[in-house]
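Structures are listed in the sections that come next.
Same chain, two partners: subunit A is paired with subunit B first, then with subunit C.
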Partner chain A sequence: MPIKALTQISTGRNGVGAFVLQCKKMDFHYCDWAGSSKGMNGFIKSLLPKFAASHPQVEFSVSPRPSKHPVIIAQYINGREKAICVRNMEPYEILKKAELLRDASGEKLRKVTKPVQSINESVRGVWSPYHGNGLRV
Partner chain B sequence: MRRIPRLRTPAPAGFAPSSVPASALRAPPVTVTAPSTLSSTPRLTTRASHTSQTRRYLSTTPLRAAQTQQPQNGQGPAEDLQSLAEDDAELYEAPTPTEINTQLVYPYGVTTAPLTAEVADPSYKPAETADGLEEVGGLSGWWDEPTHWGSEGGVAGYVHSATSRFGPAERVTDSAVLEVLTKRAIVEAIVVAKFARANKRKHIDRLFAHSDALHRLEKIVRAEIVVGKNGEATIKENADWQRVYGVLKAAARYARRQEEGEETGERDVAEAQEVEAKEAETPAIEELTPEVAKSLVESWDKGWKKAELRDPVVKFFVSFPFHLVLFMLKLLTPALQAAKRIQQLTGHRVPDGKLLSALTIDSLLKQLVEPPKPKKLAELVETQGVFKDLSNVRVFPRRVTPIDKEKMVGRWKIIVKELEKRDLPVIGTGKHSGPIEKKWIEGKA
Partner chain C sequence: MKRLRLDRFSGQLLVARPGQCPASTPRSALRSSAVSRCTAVRHQSSQAAYQIPQDDDYYDGTDHVRFPPLEKLPPRATSLPSPPPERALQSAKLAALKARLSLPEKLPLQTLARALVDASADENAQFNNTSLAFVGQSLINYHVAEWLMCRYPRLPMEILYAAMKGYAGPTSLHQVARSWGVEHAAAPGGEVDPGLLQFSLHKPAKAIIGFGSKRAEAHGMKKYKWRHSVSNRVVFDDDFGEVIDPEAHKTELLARADTEYGNEYTRSLAEQAYATCARAVVGALYAHAGREPAKAFVKAHILSRTLDLSRLFSFKKPTRELSMLCAREDFEPPVARLLSETGRLSRTPVFVVGIFSGADKLGEAAAPSLEHARAKASMNALKSWYLYSPGENVRVPSDVLGAEDDRPWEPAYIDMGEIVGR
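On to the complex of A and B.
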């Protein structure tokens, strides 16, 4: 039996081994009295339990906000937050909005022109005039 | 600091001061102020017709002038002196307030604490502020005390009799107690609809008005409700019909005699003895607690809930001519009677729509036992346990304020400390609101 020097404890996934959901917290605000919160109240009673159970990594907070329209506020790991007003919406429409916020990255919405985005854009690195031999003209 | 209101002292019949006897405050009888020996003179007969209070508001000058003229009328000096003394006594006596014929008890006279200089205790130190002092007296809860409404036959009795027809102020919420009282209501309604259907409505009202929820409860709920031939609710034993009707009639008869003030006759005594003898067999229920109600419900056969409460008015509405429908509307149906009696016993008013849709006793019970809808979503979520097993969900019963958010992360105490160190208001803007220039102009800052 061959001797192993080091045991392999993790399998390389070529850089895609982990996925961290960008949304970390979602606040659901409603009003007990107002008619615009009717759908939101129904959503909290009927759909939110299942939605919250399927996302244990997200923190959910449900609190009233009297005399205000219902709103979902999502907080992201980049420190930003996004809010969607869900007044007069049906419960299933609100579920779509909650899924949209869940899937968002937290960044500002901007037009994507390049197919690949990276914080290290060039493999060769950024050119510097102080390094290397320089260029003689 | 509590202030003692300035109250008038009406001195009614129920006025009962602690030190002064009530008789001293009443108006003296007319016969005393108008002796028969003096009634021959026209002046004295006129005065005798006045009450002492009327005298107080009349000018006394003509009376004195008339008295000085009396010797000229040829009366004796001794008799004249006597009448003068009586006049003076009447003039200087305390004004007698008008006697109000009421049984209400009015607040007593005002008592004042002794002055600081009059207190003998050397350790006594008068309080400078009202903080921490015991609050004594006050008239805020005066009419909450039942004894202040007079005796049983007075206003309190009337108020009680009027309100008891509409049921208790607070609804019965326990399901077992509701079930027991509903059975009582249905048994009584079936019996009354059979025996007293032809009577006038007032008579039927009297039958129900004088037997409250606990009155002979054990005797009434002992009657077994069964499903009749056509599915209608009926009472199984023949003896139960008579017994229940007898209980209702006896209560109504007893109440009527009490109102008329008659003494209980031999017949009532015999009835009471008979009732006591029968009660010895089944112990009386003195208080209907949920435990007692539960044991009662468990002792019954559950088939009684399947019986139907049919409403003949609805049943025959289509097929009968209109005048016959009107005639039938006058008849008191068991379902309507039961609903009315349920309201009296439990405080639950069954709406007409729900009453008509509830065919069986079971469906009627479900509507009664159903808890009222919670007004707040947070209460509903908590009672139903929607997020019970989810550790990542928090439900707040009220608005989460910025202060709450600071408290959650443990920063609020530090904020308060730093604000107080800088002499800044913790909540709100304090004196730092508004344009400062305006304050400069006004000389406030």
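On to the complex of A and C.
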């Protein structure tokens, strides 16, 4: 009559205990010649060093992509990547886009209809028709 | 579960500290086994690396004018089985990983790089993560076990093993390492980025990273399902109560490692490598930063995960076990009573049955048949007995070692044990 044990694996929730930023790498691509990269070149010269220094947990790479529009590609821990084309944008607009990519979780965008999702057991319990005094109709 | 013997295992880890020249290490010790691909003497610190003479006779036929190397590799890097330690300082991936895990400055990048080299990639124990993983495995299992024992003092041994495996088993630690954003290299070698986890699927490691002894009768236990009791498992088997499988590589599955997307054996090897890496990071943290940061790290990354312990139980005869429990604890014998029912003659009846011991209700459950409802109610009663907890923030023995908590230790609740069947 011994108790047998079943195999279960613990599930982690990011931010419970430790928080790990989900964006793990950002690639900044620019073109030296094209006008659409003007803002990107300014961003790389003026804003990127500070941005990169303030985010040591993200790997940054800057590389040329001749005769193409400038683009920021972010890679995430869940294996997905997101790319934003930043042609003809001002440096501060590009900074906004970089912050957007940094803060993203890497999941596909979907409409959140229930603002709270939890794996915890309900505190109040599930309503049962078999308990309590019931309602006389 | 087992006694920690850290002093015996972490001594040689400290050789990995930068600035400490391993000049006192005998040259023969730096040599790996005879089958190692390493031809030169390898050094852990970067100062010693400059002594390696330039060697231009190694040429792999690449046109370096047309395809310049992206990174200036140190000489002989491509002939080593894992990246030289001094390259760790240049790796962006490694620095990002260190910052992502909020590891302290005391932990040098070279040691973190070493934690990412599996024994299957580099056989040399001075350069792979075996010793770090042994320390880490002991620490993780100790903290998980003490927390489970203090938080749920009545857990039966089988459930305690399953719970430990759920928190600190290889599958769980594999997920932890994945959630850190650790990536693996396609194949190990001296030229790959030190920030990538390196393991080989072709020659599994024979490194020992845990306690437990090999059983001579392991084959018979597997083939004929020989009985082995729980106390037997406590003594002989590993920290999760599992028999250490001495069987060698599954050759035919290994041979197919490259031809498919992998098979269940190669997947388990990869899982092991990730889990070993997670353990080695904890071991490295302990070796360089000490006990408290390592404990905080284990708490933040492993103990903070969610595991519903009530889903681990599988009862065979719950009603009998409950009546034995009541007899042992001098409760009145349990009686099942029907509390409410609906649709007895319909297709979907519901019976709510409570188990009472005298006037006390021990458990309750709803089910579509009377028999089922009674069994479920007994299981609920047994689970509420076994999952007794003194509180959420129960103190564990290692809390007393911390400097910030000066309160004297109050002995933890110890239960008389699980219900033994006759």
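Here is the rule we use: the second predicted complex is superposed on the first by the 102 of 137 C-alpha atoms of A that agree within 3 Å, B and C clash if a C-alpha of one lies under 4 Å from a C-alpha of the other, contacts with A are read in each partner's own complex, and residues count from 1 in each chain.
We adopt the following convention: contacts are C-beta pairs under 8 Å (C-beta built on N, C-alpha and C of every residue); 3 or more make two chains touch, one makes a residue touch a chain.
Owing to the predicted nature of the structure, the values given are computational and were not obtained by experimental measurement.
**Q** Of the partners subunit B and subunit C, which touch A:8 in the superposed model: first, second, both, neither?
**A** The answer is second: A:8 touches subunit C but not subunit B.
**Q** Residues of subunit A touched by subunit B versus by subunit C: which partner has the larger set?
**A** C
**Q** After superposition on the shared chain, which partner residues are touched by A:30: those of subunit B (first), subunit C (second), both, or neither?
**A** The answer is first: A:30 touches subunit B but not subunit C.
**Q** Which holds for A:124: it touches subunit B only (first), subunit C only (second), both, or neither?
**A** The answer is neither, since A:124 touches no partner chain.
**Q** Which partner does A:58 contact after superposing on A: first (subunit B), second (subunit C), both, neither?
**A** Both partners, subunit B and subunit C.
**Q** Regarding the shared-chain residue A:111, is it in contact with subunit B (first), subunit C (second), both, or neither?
**A** Neither subunit B nor subunit C is touched by A:111.
**Q** If you stack the two complexes on chain A, which partner ends up touching A:136: first (subunit B), second (subunit C), both, or neither?
**A** So A:136 meets neither subunit B nor subunit C here.
**Q** Have a look at where A:45 lands relative to subunit B and subunit C in the superposition and call it first, second, both or neither.
**A** It touches subunit B, and subunit C stays clear.
**Q** Just which bits of subunit A does subunit B share with subunit C as contact spots?
**A** 56-61
**Q** Across the complex, what residues on subunit C touch subunit A?
**A** 92-93, 95-96, 99-102, 156, 158-159, 161-162, 165-167, 169, 171-172, 175-176, 178-181, 299-308, 311-317, 320-321, 339-340, 342, 350, 352, 366, 418, 421
**Q** Residues of subunit A touching subunit B in their complex?
**A** The contact residues of subunit A facing subunit B are 30, 32, 41, 44-45, 48-49, 52-53, 55-66.
**Q** Residue numbers of subunit B touching subunit A in their complex, please.
**A** 375-378, 380-381, 384, 386-387, 390-400
**Q** Any idea which subunit A residues touch subunit C in the complex?
**A** On the subunit A side, the touching residues are 1-14, 16-18, 20-21, 24-25, 56-61, 77, 119-121, 128-131.
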